[in-house]
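Written below as structure tokens is the structure these notes are about.
Each chain gets a letter, A, B, C, D and E, in the order it is written, and its residues are counted from 1.
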Amino acid sequence: GCTSDQTSSSATGTKAKAGGTLVVARLSDATTLDPHFITDIPSANVVYEKVYETLVEPDKNMEPKPLLATEWKQIDNVTWEFKLRKGVKFQDGSPFNADAVKTNFDRVLDPKTASPQAGKFEMIKEVKVVDDSTVQFILKYPYAPLLSILMSNEGDIISPKSIKENSDKIGRNPVGTGPYVFKSWKSGEEIKIEKNKDYWGNKPKIDGVVFKVVPEDATRLAMIETGEAHVTDQVPVTEIDRIEASDTMDLYRTDGLAVEYLSFNTKKKPFNDVRVRQAIAHAIEVDSIIKGVYNDVGTKANSTMSPKVFGYDPNIKGYNYDINESKKLLKEAGIKDGLSFTLTTSDRKERINMAEVIQSQLKGIGINVKIQVLEYGAYIDAIAKGQHQVSIGGWGNATGDGDYNQFNLFDSKSQGAAGNSSFYSNPEVDKLIESARQEADSEKRKELYAQAQEIENKDVPYVPIRNYEHLAVTGSSVKGLWLNPASYLMLDDVTVK
Amino acid sequence: MALQLVDKKILLNVDHLKQYFPIKGGILGRTVNHVKAVDDISFHIYEGETLSIVGESGCGKSTTGRAILRLDEPTSGSIHFKEKDLLSLGKKEMRKIRKDLQVIFQDPFASLNPRQTIGQILGEALAIQNVVPKEERKARIEELLGHVGLRPEAMERYPHEFSGGQRQRVGIARALAVDPKLIICDEAVSALDVSIQAQVLNLLKSLQKKFSLTFLFISHDLGVVRHISDRVMVMYLGKIVEIADKKSIFENPQHPYTRALLSAIPVPNPVHQRERIILTGDVPSPINPPSGCRFHTRCPFAIDICKTKAPELKLSEQNHQVACHIIN
Amino acid sequence: MKKQFDETILEVKNLQTYFYTDEGISKAVNGISFKLKKGETLGIVGESGSGKSITSLSLLGLIPSPPGKITGGSILFKGEDLLAKTEKQMRSIRGNEISMIFQEPMTSLNPVYSAGEQIAEAIRLHQKLGKKEAWEKAVEMLRLVGIPSPEKRAKQEPHELSGGMRQRVMIAMALACHPEVLIADEPTTALDVTIQAQILELIKSLQKDLGTAVILITHDLGVVYETCDRVAVMYAGRIVEYTSAKELYNNPKHPYTIGLLNSLPRLDMDQDELTTIPGTVPSPFNMPKGCSFAPRCAHAKPMCHESVPDLLTLDKNTEVSCWMYTSQWETDHTIIEKVGIE
Amino acid sequence: MFLFIVRRIIQTIPVLLGVSLVVFLIMQMVPGDPATLLAGEGATKQTIEMIRHQLGLDRPVIIQYFDYVVHVLQGDFGESLRNNRPVLDEIMIRLPITIELALASIFITVVLGMLAGIISATKQYSAADITIMIVALLGISLPSFWFGLMLIYFFSVNLHIFPVAGWGTFKHMVLPALTLGAGGAAIVARMTRSSMLEVVRQDYMRTARAKGLKEHVIIYKHGLKNALIPVITVVGLQFGALLGGTVLTESVFAINGLGRLIVDAIRTRDLPMVQGGVLIASVIFVFMNLAVDILYRYFNKRVDLN
Amino acid sequence: MKTEIVLNNNEIKLEKKESQKLKRWKVFYKKFKKNKLALVGGYIVLFYILVAFLAPLISPKDPFAIDLMHKLQPPSLEHWMGTDDKGRDILSRIIYGSRLSISVGFVSVLFGAIFGITLGLIAGYYGKWVDTIIMRVVDILLAFPGILLALAIISALGPSLINVMVAVGIFSIPTFARIVRGSTLSVRKLEYIDAIRALGATDSTIIFKHIFPNILSPIIVQATLKLATAILSAAGLSYLGLGAQPPSPEWGAMLSSGRDYLFTAPHIALFPGIAISTLVLGFNIFGDGLRDALDPRMKK
């Protein structure tokens, strides 16, 4: 259950020649560097807009910006045309052109490739080469958020030469057009990338980046303090006061795209009764969770969609903390002699803490909560199979588009593993999500999502708790680092003293 | 003890008994060799007599005793007790017949469970063979203690509160508890000081008379053996070298080994000093015993045939068998 | 075995060695005295626990301390009191002038060093020889104690040797520096009779060759008779009779000695029943007030339970600690005859 | 001796087969499916099914196991489900590191432990003895992750003597080895002490005294070598424990060792990796045991080779 | 008969039966008491056991009451050991946690001991192929890295204190099995076992009535030492997030939850750390003392 994957943003190189190597300490190693197989952030973070580039990249507000594509237009409902940047070469010397783009999308869509990301591009019928620097995407059906997918990590453009010559080795030898060249990977220990001297755009100011695996939180911070590492992007919220007080460390915070929530299994009694769900929503005092558990990192969520995501509706009220209302609802639902249930969570510290606080809050209205902490794999399994009663979860957003949120969390087709952990099913909502997908006019799309969120708010399959905020700590020698809302490290302007 | 030699009844008959202990070795831990602890011996014990086994350490005395009790399963041979072949009995039948076969061990410290009182030790013996009904057990235990010269209060006490000699008495009482016919005494007095040893020897003798017991008495102390036995069997390296009446053995030892053994004992009596035969070297290993007569490597009289042919146990005179090429 | 011994080499006077333990004070050696002359063999006999080993360890200053402590008396070795010597001085005596063979050949050798090394160690220490010479000497010693192919055996470790051979190694070690006194603490108890005969024969012949005085500790009266010149019989930490070996058998004095001889099953006669000494040795923590043998003694009179008799010199050769032989004792012939030897 | 070694190696085969079967069964019992985890969040059922098929996880369990065993017997440990790299390659990256770490901590264990133990034994009941024993006991009772973090903050962050994390140079080894070795050192110290006290009571020590040797010769020459025998056993067991018990220390010091590899593999349900890791760890353990036995025999000749 | 009279004057006067048992205890206690350190260990253990029993009576606060307004407070008169990251009273949690941590120790050791002892007894008594098979199985367990086994078991059964106990118990099986087998082998050689066999006792009588009681001392010693290890292992598992379920105040869980505050609020980790260390220390030196007191050779 953590959050999610990719978003975008791009690393357009800058001038200045400061040099030095940036050392990033992080929780886990990458699993593969082949974007068509990457499903986790630690992998994507190494290559996304660093070794590889996408056709379009997201800016700080997740708006698409040109990158490998200089301009684009929608020709009709199902046809998008992209003009490609000229004079760009892959790191292996092969030229970037329309063929390269086609080769990439053919690969990800080829069932033989068996890419786990194929589903995301399922709406693409074909990629057509118009001329050397023009491609057309022909869709099976109208799909408005196409750009948001193209600018996320799975839209990385891989060198067609490596696709043709050693398709199954890309995971270990990524070749793209980006500002950094893959150097080496010591499994489980570190990955090195180096400045691409022939980069078409602004070249990085640093010589390279080392991504080191350091599983222990306290150790990562200690490394920043001693200067052994420069950046870490997994920071325990409990340490922010100390970091802010420290003169060897700087804290970086940015709003994310993810939301954490409580998820009811609406297939199970008594959570199939909307009044019970509402009652619980009223009994949770979110503010104290955000302060007490999260140390004010992140903000109170009113919807399962974070404010940065396209389609977010600020008018949704959410549920206020109201014990009396809660009790009343429970009574109406016919629950007299108390309610007991198991709250399932993965083994992330903050989630466990949250569970404990919720447990103690619900005790106030006579609800007896048993906490079940499951190791991540088992947690995913339990949720996918719908074995839980109530769980704590979170949904990131790889693309920054509302569809990625709404479709996965609420659509009946997404029940279980695909994201709909509450097994929520409402034909009306399904229909709204479907229409929003196909609607080309963004204002109208927003309207459709607003309607959906309204219904979802009333049905409360999820109780939204917190909008994510990403933290990173840098040594004081590091300047110019930023994180995009999908939590990718953006290194365009980074310098290390 | 003048024994009527005429109508002696055989109580136990041991026939071609072999006890080989495997030695594991080789890559797969297979049996690569054997300790031939007892190698094809035959003898018998008459009812009511005391037969002693003497010989040096490791010659197979205890092994013989243990094989008879089936504490180790013999490799081959047969053991007939009162006409019954012990080795062919099933587990249950064997348990039953154990009532008639008892044992007293050497070490007074190791032969009693330190965590049981004397009463429990004896009571358990009675219970296992169900000798007397439960209500009568206490009385029986007191009686047994009386037989071995311990006071009834001893019941409540633990072995560590007794001296070695007293413990040995408890061991005897335990053996007596089930009214056995044959008692195997494996070095039953060897660990005791002379003054205590004498007490226990006297006790054994008087009990034998009282309950008409048969003893198989294992010892390396020839003085003790002479005192207690009717017949004596001398073993060397898993073989019987000589077996005869006590008198015959001690006054007319025939096998060179027996003679050496007897002469080696220091005797505090100038009249009885014999000429000492000092053997050279050590007892060979029972894993690879010498060919032919096993004693030939140390025998001062060995001739050629001794090295190649194993001598058989033959009657040399009445009630006196010897296994030696020179004698036979 | 008539030898002439003149020079006293070791004299023990009123030696007391006590153990201070939780259960109380154990008077393991409780005032014993004896003399050892050059070339003589003194036997010390007694039942288990009578203090034989502690006596010998006291002579070398090897009493485990705590809990043991020599609390009184003197040990004069060539006229000098060993108890007054420093630890350093004692070290130059141990293994050099007085050496010892222990009861257990199986455990008394260090399992991780070869036989030769262990012998050579003592030689190097006391005779200041080089490594090689010491080794050669060690091999020589092994040859002397009758170990076949000593060059090979010297290189073997204790576990590769049989019990008899180990005991020979111990003897070789003890004799390596030609000590003036050799203490052998039950050197054959753990061995078979035929091996015992070999070892005793060896000690006797070596003693003859080297002129060493020997203290032979044993509980086997037969061994004493055949090996020793003089004998001290110990009972509960005291010497109860101190006499020549022959005299001991022909004419034992102390009731304990008499009892001991009687309990021995004889090889030379048939007995229907053995004469026994009733009872057991008293606990060292719970010694009777008077003569410690009194509770088991058939002749004991009230005075025996009152106080301990001194060691009384009966004739030139015999000393005995028994009230019977004092003037205070109103002789009662009937009793003596009854227990007297047949 | 040679036969003994060969026999022992042959005996390990059934043990290893048993280990692999246990691993396999446990991993079947564990809920959670590698395909789901691989697919990432939001994957559709079809995607997951496709991955399952790709990995061969849709075959019957028995077939999967047999297939595995057959491959392993041919020296093929398979590929990681997670990143498709050959399991053996991944292990070989970690193995040297793990072994280095284990050796470094065993070194600390042995040196610290024996020194402390000998001092303690020769000065029984002295202040030094009691202090050493209390420190040793504390060493056993400190949770290693706690101790490790404390060391980092004291020696790295505050004093800047040693680097915080990583592996490679001597300086990198000190703190982890200390963390890992401390507990062992404490055990070895106690073992050395009691073994030494035991040896002091032996008859041959009395023999040595009777020879007139100096006390320190008696203790160090005649005593120590014998006292080492049980210590070796403990050190061997400790080494075995190190291989499995390094996970926490590896995490704290960011060491890329076998322990973490296996734990990560379990967490991602990467069966071939778990199998391979555990098997290799077991092999090392078994060989360690063998080495201990050989040493044991070297020091203790009395043990017969059966 | 001579001998019968003989013993009378020699026999010590018999005390009553109770006092005999008492005497054995006294001897044991006397020996044990000699070892001052061991006595301290015993008292520590006793102290914690008392705390565990009396938890509801002596705990000053509700150990589960979350009070986010007063989180991370340093020790004060109100909260002697301060409050944790959710404002709960650490002292009260440690008091209640003693129940869990001590039960983890006891239950897992009991679990390991029961299986280990049974296996060891059977292997040691029957020998031959039974022994071979059992000991190979034990080898497998031993060769299996302990923490991985735990990890796997807990992943399979779901994390809970009970499963931690099972896991920790399982990896203490080999130690018990080996020790018991060794002791069984040596006790089996003793003559009283042969004597009772010669009387016709069944195998189970011999094993459980005669062998088992006589190998108790090494088992007890091993058990006390293992108790210590078990508590530490459970703490290690908590650190990996596999231990007790929140909000239970198991010490290992408390300690590992405190590691985020090692610098901002060190007392959160410190106090459970001290509790674990002292209890483990207590068990260890108690076990050592037991060993010395039960060892007949250690007369001192």
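Heads up, the rule we're going with is that a contact is a pair of C-beta atoms (placed from the backbone, for glycine too) under 8 Å apart; a residue touches a chain by one contact, two chains touch by 3 or more.
These numbers come from a predicted model, not from an experiment.
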Looking only at C-beta pairs in contact, point me to the busier pair out of A-D and B-E.
-> A-D
From subunit B, which chain is the farthest off, judged by mean CA positions?
-> A
Expressed in whole Å, how far the mean CA point of subunit C lies from that of subunit E is 49
In whole angstrom, the CA-centroid distance of subunit B from subunit D equals 52
So, in whole Å, the Cα centroid of subunit D is separated from that of subunit E by 23
Roughly how far is subunit B from subunit C, going centre to centre by Cα mean, in whole Å?
-> 32
Among the residues of subunit B, pick out those that touch two or more other chains and give their numbers.
-> 166, 199, 202, 206
Residue ranges of subunit C touching at least 2 other chains are 276, 278, 280
Any chance you could list the residues of subunit D touching two or more other chains?
-> 11, 30-32, 145, 149, 153
Name, in rising order, each residue of subunit B that touches subunit E in their complex.
-> 66, 69, 71, 94-96, 98-99, 101-103, 105-107, 110-115, 124-125, 128-129, 146, 149-151, 153-154, 156-158, 161, 166, 171, 174-175, 178, 199, 202-203, 206
Within their complex, state which residues of subunit D touch subunit A.
-> 30-33, 36-48, 50-51, 54, 82-85, 89-90, 93-94, 145, 149, 152-153, 156-157, 160, 163-167, 251-254, 256, 260-261, 264, 267-269
Would you tell me which residues of subunit A are touching subunit E in their complex?
-> 217-218, 236, 238-239, 241-242, 288, 291-293, 347, 349, 352-353, 355-357, 359-360, 370-375, 377-378
Spell out the part of subunit A that touches subunit D in their complex, as residue ranges.
-> 1-2, 4-5, 25, 28, 31-32, 39-40, 111, 114, 116, 118-119, 168, 171-172, 186-189, 212-216, 218-219, 222-223, 225-226, 228, 375-378, 380-382, 384, 395-396, 398, 404, 408, 414, 416-419
If you look only at subunit C, which of its residues touch subunit D in the complex?
-> 57, 60, 62, 90-96, 99-100, 102, 104, 107-113, 118, 121-122, 125-126, 157, 159-160, 170, 173
